[in-house]
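Take this structure first; my questions come after.
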Amino acid sequence: MTEIRLPSSLDGIEPVQSVRTPIRMEYTFTPGVAAQTYLRAFGNKKILGNVSPVDGAILVPPRGADPRHGVLCEEFVEMSHTGHVGSYCVTNVPIPGRDLDLPYISAWIFLDGADIGFLNLVAECPPEKCRIGMRVEAVWKPDEEIGMTAENILYWRPTGEPDIPFEAAGVRGWHARKAGGENA
Amino acid sequence: MHERQAGKMRKVAIVAAASRQEEIMLDTEVEMMIPLISEVRNKVGLDQSELGFTCSGSSDFLAGQAFSFVMTLDAVGPVPPIVESHVEMDGAWAFYETWVKFQMGVIDTAIVYSYGKPSPGSLQDVLSTQLDPYYVAPLWPDAHSVAALQARLLLEDGVVTSDQLADCAIRTGTVDNREEYFSQPIIADPLRQADCPTYADGGVAMILASEGKAEELCDRPAWITGIDHRIDSHHFGVRDLTAVPSVRLAAQKAGVHDGPIDVTELHAAYTTHDLLLRKEMGLPEIPDIPQGSYPIKADTLMASGLLRIAEAARSIWGGDANRVLAHATAGPVLQQNLVCVLEGGDN
Amino acid sequence: MESNERLSAPLVLEYPFTRTTGPVIGAFFTGLREKIVLGIKRQDGTVLVPPTEYDPETSETLTEMVEVGQVGQITTWTWVQEPRDQSPWDAPHALAMIKLEGADTPLLHAVLVDSPESLEVGMNVRIKWREETEGHIKDIEGFIPVEETND
């Protein structure tokens, strides 16, 4: 490294080697058109999905677009509050800022009739009992705490109904249906 | 065509463009861009799988989200997988990257887009974070103040006069007359409200095509006959803020002076910038034909520059002009500049 | 909530950056901590303040750091009537480019005066140091007009 020549006034002085330059930016975040519709319904304990105008695929939660085709999705459909686990993960380390009992289960929840899943918690289920294809239902917050927020559903718990077959669970089901449709 | 590009360069043209700006938009970036991207693809009758390259420009800090451009690709429909790139710059630089891709000879068509939605956050804070992180950004100077430091130098050195600023404000439509200009409040001494930009949410999308293809897609393609971008130092103290060597050089390299310019589309968010850019590029202070729109009235960070190129192309398509200049800038006080010449092909 | 009212939620992004300085910027900040200002000499003998490891125009490596004065001239200024939340200054103040004695380039900082009326290009100002310095550009609290100082 090139030697820097300093004035003698800094002889023997401990050099500064780093500097703190924190930044903070504040936003007033607004959901888009589809997310507003979704959140208003969610505040009334209704779960909406978007229907793709291309092939009728049902996308939950709705984002106003079918991202595969780059087209707007303007049709909404009300979903059931039951579904199945498409895939899951058991976590044994805490997340900073979230007060979750360990271990906890995160899962891709596929609502009945939905073609894609979303990430949520599964509880009232020992981790070793969780499995792909397990049927689950929403556990909502008490009615007085429900608002227009993604936090309305506390977690999903097993219904005890028979599992969805592995081959039909999660996106496997979607891909299987598509393949069937193409062959038909 | 300019000597640097003569003979060796592929001819590339803009064949379609769509844009939208509003002061505050409810739509997400995806919801905003889908209609624009669909519109340009429909205009030329190509779907995504028929486009050789997709390139975009946007800012994560503006969106408040890391890798925010990935989500906006939902508006394109990247299935099956597409050839894609992104710049954390105004879309004009995505346009340049795309032009280079054409020169590599690997594509015949492309889509370029960019967008910015400053309304949910503080644009002034976002712009502060682009400054030198050791010496300047910790002081959080806002963009108007930085522009004002330059404006005072321009006025003190006699590069511009306050009457010229007033006339520029009238020309760009922020005020109707000098009396109104001089009664405007000073918001960053010496700049008045009418000298400074109003910000807007918005986006722009366009389709490019090479010679042979462009003529099939558009009656009068806007051919890119010169393009160049240059950068000045980001150290305020090192730059002479009364001059913009980068835009002077970019204009020269883009061949601006090889023929008459019918329309100039300048990315000037301040009156001072409009006057300084004209002076540096040797353009008349009062153009014969007005711009299609003025960033000072609706400036969309990350899209204003690409919108200038779109407006320039529109003046070619409309037949009003045959040789036009589009300019884009990025960074504080005209630090980086891109100059592009478009021609309609009349002799 | 009315159905036509737009939903919104606060979002705050914070990045607690600690940047390494390298030898030149580090020396400049060391100087500030000791309440002196350092510049760096270019090939032509001119002095860059604030200093960089390289000549920003020619990219030559620069190595010779020198102390410059604490009094300088305003080369340009503007007035900030309502500082934003992020600003280090709560009160109205000027932002200015100030060329210190012995420096050939100006640096950006605040001039702490009560109103813009007293400001002009060419005016002499001097550094007002913070009582506690840590090696940061904000060790300089701002600049104040020379004639107002009594020491």
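We just call them A, B and C in the order they show up, numbering each chain from 1.
By definition in this document, a residue touches a chain if its C-beta (ideal position, glycine included) is under 8 Å from a C-beta of that chain, and two chains touch if they have at least 3 such contacts.
Note that this is a predicted model, so its numbers are computed, not measured.
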Pair exhibiting more inter-chain C-beta contacts, A-C or A-B: A-C
Most centrally placed chain - per-chain CA mean versus overall CA mean: B
Centroid distance [mean C-alpha coordinates] between chain C and chain B, Å: 30
Chain centre separation in whole Å, for chain C relative to chain A (CA means): 44
Rounded Å distance, chain A centre to chain B centre (Cα mean): 37
Where chain C touches two or more other chains at once, by residue number: 6, 8, 11, 13, 17, 19, 21, 25, 29, 86, 136
Of all residues in chain A, the ones touching two or more other chains: 19, 21, 23, 25-31, 36
Shared-contact residues (touching 2 or more other chains) in chain B: 26, 61, 64, 120, 122, 125, 133-134, 138
Contact footprint of chain C on chain B as seen in their complex: 26, 61, 64, 120, 122, 124-125, 128, 133-136, 138-142, 145, 148-153, 156, 188-191, 233, 235-238, 241
In the complex with chain B, residue positions of chain A that touch it: 19, 21, 23, 25-36, 63-72
Touching residues on chain C, where the partner in the complex is chain B: 6, 8, 11, 13, 17, 19, 21, 25, 29, 48-50, 52, 56-57, 75-80, 84, 86-88, 95-97, 105-110, 116, 121, 136-138
Residues of chain A defined as touching chain C within the complex: 1-7, 9-10, 13-31, 36, 39-40, 43, 148
Chain C to chain A touching residues, read off their complex: 1, 3, 6-21, 23-27, 29-31, 33-34, 36, 38, 61, 63-67, 85-86, 135-136
